[in-house]
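Letters A, B, C and D mark the chains in the order given here, with residues in each chain numbered from 1 onward.
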Amino acid sequence: MDVNEKYFSNITKRERAIFEGGISMGALFHQFVGTPVNESTRENLERTIEDSFKLQPAIEDVEVKINLNDNTEFDYISLSGDMLDVRIHTAVDDVKAVIRIEFIEELNYPLMYVEEI
Amino acid sequence: MDVNEKYFSNITKRERAIFEGGISMGALFHQFVGTPVNESTRENLERTIEDSFKLQPAIEDVEVKINLNDNTEFDYISLSGDMLDVRIHTAVDDVKAVIRIEFIEELNYPLMYVEEI
Amino acid sequence: MDVNEKYFSNITKRERAIFEGGISMGALFHQFVGTPVNESTRENLERTIEDSFKLQPAIEDVEVKINLNDNTEFDYISLSGDMLDVRIHTAVDDVKAVIRIEFIEELNYPLMYVEEI
Amino acid sequence: MDVNEKYFSNITKRERAIFEGGISMGALFHQFVGTPVNESTRENLERTIEDSFKLQPAIEDVEVKINLNDNTEFDYISLSGDMLDVRIHTAVDDVKAVIRIEFIEELNYPLMYVEEI
């Protein structure tokens, strides 16, 4: 069975690049929110999140930055969506997209959007 | 700030409907996989997953079916992706999409795709 | 095989009641943190969390209260550990325990402890 | 406030070592189940799980082994509880415990128990 032919012929390559990036961004957020983290484990956790989601379909690269901000009073904290600054790069043939999540001060919540297409 | 104007003017309504549905499908999978479930709790869990993800942007409706299959020997099992049959209905103005996850026998894994657009 | 005989004969009934309650409390926190929730879905989510974890070994009852506090500006928020007030009642034969998580103002984080034994 | 005095004086050091280990084992399972993994990312994911849960109270060491078994036909799979072989070492003053999860063939599910105390 040709999966692409059977299940994805109803959308364009551009739409597929957006779709797969959206899936992985939603997945990444809900998989890792809650993980214990502090400054000593931050970088390795960022790399592991990147490597885990680079495995998913059409994902070319993942860049994760965790902002611990001013939570220095605690031994560790639970990772929350507000701390995430992530770019997921997708590619479907020659079409590339970058999906972003970042905390927007004005909205007071982390927004997921298509940064480049 | 007009969020749509500032962050989503680079994609079409059709692309936005696909994007938001992809996000919610990836999120749903990774949020609830691992939840203890058996036949007595299945229906209420399905409704709670539906209600939780209907809260997300552009989501009009969510239909969740959990297939416990032949796991009758256990008091309960951990929800896995293979058990999920979900349709997420998105709407951006007049454009509607249905995002689906279902276990595909031939692939031997659960596939996420755009069922209707 | 007698599981209790083989794997749990090295601890007392009291210790087992504490152990199983600790497992379920850690599990509950990390399973559901991140779930989208607002006032309209709060009660049903509480019931689903209760029902899901009542399935685990030695769990007699679970009481979940989600405190949405002053997050009224948002359409919904992601469930965080700070919002959880939970009691897990365990029983091993005649020994009963209550494991609690609640946000402690003075600590500024949610604490898990044995409330009754 | 002395947290130990106020919240943990009703249990022994031995019980506390079992309690904290139980919490972290339940947490670890439900936090990471669902994570995409394959042979190329397995080791780094194991180290990240170890480092994340070493941050929690009374945890002295964590040893994680992920068994991918015969899932070689897939580009990657979702981490499931059946793949986990984990030892969590806790210490409360001079009392030490080892909490274990491992898949037990005879039970056909992963069991959490106190391996050493």
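Basically, a residue touches a chain if its C-beta (ideal position, glycine included) is under 8 Å from a C-beta of that chain, and two chains touch if they have at least 3 such contacts.
Since the model is a prediction, treat every value here as computed from it, not as a measurement.
Participant: As a test of understanding: of all chains, whose mean C-alpha position lies farthest from that of subunit C?
Facilitator: Between subunit C and the rest, the longest centre separation is with A.
Participant: Name whichever of B-C and C-D has more C-beta pairs touching across its two chains.
Facilitator: C-D
Participant: Rounded to a whole Å, what is the gap between the Cα centroids of subunit C and subunit D?
Facilitator: 17
Participant: When the C-alpha atoms of subunit B and subunit C are each averaged to a single point, how far apart are the two points in Å?
Facilitator: 26
Participant: Among all residues of subunit A, which ones touch two or more of the remaining chains?
Facilitator: Residue numbers touching two or more other chains: 29-31, 34.
Participant: Applying the document's contact rule, which stretches of subunit C touch subunit A when the two form their complex?
Facilitator: Counting only subunit C, the residues touching subunit A are 29-30, 33-34, 73-74, 78, 80-81, 108-109.
Participant: Using the touch definition up top, name the residues of subunit B that touch subunit C in the complex.
Facilitator: So the residues of subunit B touching subunit C come out as 31, 34-38, 40-41, 44-45, 47-48, 51-53, 55-56, 75-76.
Participant: Please give the residue numbers of subunit D that touch subunit C in the complex, ascending.
Facilitator: 1, 3, 7-8, 10-11, 14-15, 18-31, 106-107, 111-114, 117
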